[in-house]
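Look at the two complexes coming up: chain A is in both, with chain B in one and chain C in the other.
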Partner chain A sequence: MTTLTRPKRVLARRSVDGQLVLALVMIAGFVVIAVVGLFMQTQANTVNVADSLQPPSAEHLFGTDAQGRSVALRVAVGSGIAIVSATVAVLVGGALGLIVAIACGLGPRWLDAVLMRLADSVLAFPQLLLALAVTMALGTGLITANIGIIVTVVPVFARTLRAEALRSRNEPFVEAARTIGLSLPRIAVRHVTPYLSTTLIVQMAANFGNVVLILAGLSFIGVGAQPPTAEWGAMITDGLQNALTGQWWIGVAPGLALVLLVIAVNLLTDQLRHRFGARQRMS
Partner chain B sequence: MPTYILRQVLGVLQTLLLSSIISFAVLRLLPGDPARLIVGPLAGQAALDAVREQLGLNDPVIVQYFDYVGGFLTGNWGYSYSNGADVTAVLAARLPATIELALYAFLFALVVAIVVATIASYRRGIVGALAKFFSLIGLGTPPFWLALVLLLVFSVNLKVLPGPSGRLTSFLQPPPTITGLYTVDALLSGNVVAFSDALAHLVLPAIALAVIPCAFLTRLLTANLEDAARGAFVTVVRSKGVSRWSTHTRHVLHNALLPTVSSSGVVLAALITGSVLVEEIFDWPGVGQVLVQGIQRQDFAVVQTFILLSAVIYVLVNLLVDVVVGFVDPRLRLQRAGS
Partner chain C sequence: MPPTDTLTAPLLRVSGLSKSYNRGRGGYAVLDDISFDLFPGETLGVVGESGCGKSTLARAIMRIGDIDRGSITLDGTDVSKVRGKALRELRKTFQMVFQDPFGSLDPRMTVAQLVEQPMAVHGISDAAGRRSLARSILSSLGLEERFLERTPGSLSGGQRQRVAIARALAPSPQLVVLDEPISALDVSVQAQVLNLLADEQRRLGLTYLFIVHDLAAAEYFCDRILVLYLGRIVESGTSEELFRNPQHPYTVSLFSAAPDPRRGDRKRIVLRGEPQSKRPATGCPFASRCPVGFDREICHTSTPPLAPTAGDGHVAACHFAGELKDTR
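Up next is the complex of A and B:
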């Protein structure tokens, strides 16, 4: 028996490492592409009608769109937009969710009940639709779309972190901190926050891909980034207009980049969960 | 059991109350004057004031909120100026198209998920890894992009399926309305041509809509199957001489399905969101298309109703599922009450 199980276990561990490396390499690749895109923003928006609707070639990796702009360059700019927007959304959303969770965990019971009921009622709306309504209320655009997305992810963070925060209340280190007379804010910042940090990091990774998808969806419908911004969702809308006449590359390229980024981040999330042993529900 | 149901219902009522306040607050924040949108840019001040009064925009906020909730509950969902009809009538006319699309997408997702998850949890290793890989891709694929790719492959290049042309080819008469679902109505009235045409129009949008629910269900069901396979009953059944495969499909699968049903709400939300993203691409005349067109034409009455309605449906389906699942399996009831 032992000779049979041993090699299997080694194999399993190695494949886990391989997935982690793959995810990190893909994410690093996207960051490099995004940085390149950052310096090419003006070129990516330069209209050149003479070059319009060129198929993919050595000169234009993913061809050009109806205005003769290089699709590859615009995908690069788009990865910057996606990465920065999603990072901001999970950082701000995560921080706000953390505050709510700690208030639930350390505060009075009625506060916990009220906040969780509120979180439930926000979670009752499909994420994309609530983000859409908030974005429209604030006026369409990339920044307002991000605010809309943050509103929808805060309760997701709050719900998962709250369970941990409640558990921390009975941990010896929190009881000890109370006994020596530390103030509640100090316990929250110095003792409970570090306790929640692994869960917070896993949740940030878990929500990242979802946020990228929602932002693209909002821009696709027309309430997120507005053309001529090289945002992936807006580029797919653009690509739809040319799809039926055969210029497939305009819409396919940004979507492919989006799928790859989300896969990379979700792969990383699985590995983080695996490592930190956090068995959270899929969100 | 009755106290369990009562507690669930009370909780749901609180949630719905707060949800209605949230959606009302967002409505109030919307820029622009709804009255101006209805009368048009050329109307005079008198006409504008009349419509403002009619809409109750001059009342105190509290009164407006109660009007809004009262109107919502009595099915009076406002006037959609871009469609020139009441929102209730617009949504009712378009609901069958969305239900038909979502139904096929759901069935497709469910069948694929059950087959893939059963095989993946029975034979881990390569097959299991492949299933995991596909659900990873599925969860990262935006439905509107998949719709574009499917159209390019099957409609533009292979020319085997119709392009974005709604529910039926334009020269065909829709079958007589019985259920509102074209495929069912066509079959009931014996119209084979309309049936196959309607089905051909359904394939691509249904697959695009199904991808995320399918990936989600596959992942969840595989995990539940692996959990259930560790149960003590498996050893008992196996020791009675039942083969591993029929233990897996007859006993383990049954035990894994019920906890999967608990997350129907997530699948429903994915279908609602997906219909918003996919319908416009295929020119599918459903409620998702009305929403997207409503956004583009600043028709807030439609947007408002759709969003609150989706929350209400989501919460009610979750309540129903909780009660039914709790009735069938008391262990899950205790779990839910404890959390």
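Up next is the complex of A and C:
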């Protein structure tokens, strides 16, 4: 029996670590590519009609598009745009969600009821649809699309963190802080925010991939980043025009990048859940 | 300090305190008309079985949650009427040590931060001054320098509880409510923590309200004792008098149930029926389980008031006080 179960256990542990390493390597790769891309934005937008619609080659890893721009370079710029906007959206959305959650958890009951009904009504809409509506109302563009996305993720953060914030209220150390004479805002900053921090980090990771997808989706249907911005969604739309004539690489390259980034972030999220979940139960 | 000393004003006066949870939804008063005085420098023990309202009493005095009726007067100020900022400032004068030393300290803070926090909140001294105060409080509790930068996670139960005590003593309170401070600890460190509490009381002239489970600890540690049964005081008196000459049948049975390693052959008083969770609408709350009064009509129809019995300041709420004798 023992000889049978032992190697299995070793394998299982190694695969958990392997996933984490894989996720981190992929994300690090995307970050490096993104930094390169953000420094080469002008080159990525330089039109060179003589070079148009070149298939993938050593010179142009993913070929060129109709305007003769290197698709690989544009994908790199796109990673920068995707990572920066998703990071901003997740940080701002997470921070606002945290504030709402703490207000629900520590504030009066009526406030909790009001804020949660509000969150419910926002969550009743499909995320992409709501983000689309907000973006349209504010006018198309990368920044307005990001605002639209933030509006849709705040209630997601608020909901999950609220449950924890409510639990924190009954934690003996939060009660102890009250008997010492701390005001509620100070308890929120000093004790409840650290208490929620692991959940917040996991939630940020969990929403990151989703936010990347929504932004690409908005740009794909034309309300997000506008051409000639090298945004993945916009590039896929651009690539569609050449898909039927056989220049598949223009649309497939940004699509592949999108899939890989989302997979990497979701792998990382799983690992974070795994680790933080175990640690939280210990303390 | 004798409770009959009329020259001293009580530090804490609780009168007519009632508290219920789920008010409005058929609320049941977990504490019913509790009144007592606590004199400066005294230790008052509160004993009783689980669910009798001991911790609720501690929390009510600490102003965690609201009370239904009654007043809690600390050093002339009605604490139960104070709110908001004024209450937060007043909290300096009454502190609490919680039962659970594992939950009551924020696991993300260091020992130094935990002890300095209450001083910082009440604007005591500057950062350097607070550090040296924290150091001296901790060292008087036997926690040396090297513990300052540790987190609670790396401390033992006894060490944590000493940090919790240091934290409670940090703002120099007058009253310290000890909610079963030793019941979560190993027997080997219980005595140590009790001795430290006694030392600090002598040194700083503290007044303790001591919620206890352990009758031996109550007898050793308390000047006076309140016996609580289903949210009512059934007996109170000086520790010595109460243990020597318990009057209420519940107290007698409670004492007889406490293990005494030197007298294993002693008879226990076994109560009738199942433990109750609620007081009956009329009569003595203990009547249905009482070895003395279960078959007496008056015990089921009229509620006995707290009345003086044998000794000095010794009161019991029983129609037949003293009838049941412990076989010790």
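By our rule, the second predicted complex is superposed on the first by the 273 of 283 C-alpha atoms of A that agree within 3 Å, B and C clash if a C-alpha of one lies under 4 Å from a C-alpha of the other, contacts with A are read in each partner's own complex, and residues count from 1 in each chain.
The rule we apply is simple: contacts are C-beta pairs under 8 Å (C-beta built on N, C-alpha and C of every residue); 3 or more make two chains touch, one makes a residue touch a chain.
Source: prediction; values computed, not measured.
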| item | value |
| --- | --- |
| Clash or fit, chain B versus chain C on superposed chain A | fit |
| Which of chain B and chain C A:V31 touches, first, second, both or neither | neither |
| Partner chain in contact with A:F173 - chain B first, chain C second, else both or neither | second |
| Contacts of A:G239 with chain B and chain C, given as first, second, both or neither | first |
| Angle at chain A between chain B and chain C, C-alpha centres, nearest 10 degrees | 100 |
| Of chain C and chain B, partner touching more chain A residues | B |
| Touching partner for A:V47 - first (chain B), second (chain C), both, neither | neither |
| Touching partner for A:G209 - first (chain B), second (chain C), both, neither | first |
| Chain B versus chain C as contact partner of A:P126, first or second or both or neither | first |
| Chain B versus chain C as contact partner of A:V21, first or second or both or neither | neither |
| Chain B versus chain C as contact partner of A:L91, first or second or both or neither | neither |
| Touching partner for A:V189 - first (chain B), second (chain C), both, neither | neither |
| Minimum distance between Cα atoms of chain B and chain C in the superposition (Å) | 17 |
| In the complex with chain A, residue positions of chain B that touch it | 11, 14-19, 22-23, 26-27, 29-31, 136-137, 139-142, 144-145, 148-149, 151-152, 155-156, 163-164, 216, 219-220, 269-270, 272-273, 276-277, 281, 292, 295-296, 300, 303-304, 306-307, 310-312, 314-315 |
| Chain A contact footprint on chain C (complex, rising order) | 62-64, 85, 88-89, 91-92, 95-96, 98, 100, 103-108, 117-118, 121-122, 153, 164, 167, 171 |
| Touching residues on chain A, where the partner in the complex is chain C | 171-173, 175-183, 186, 190-191, 194, 283 |
| Of chain A, residues touching chain B in the complex | 117-118, 120-122, 124-130, 132-134, 136-139, 209, 213, 216-217, 220-223, 233, 236, 239-240, 243-244, 246, 248, 251-252, 255, 258-259, 262-263, 266-267, 282 |
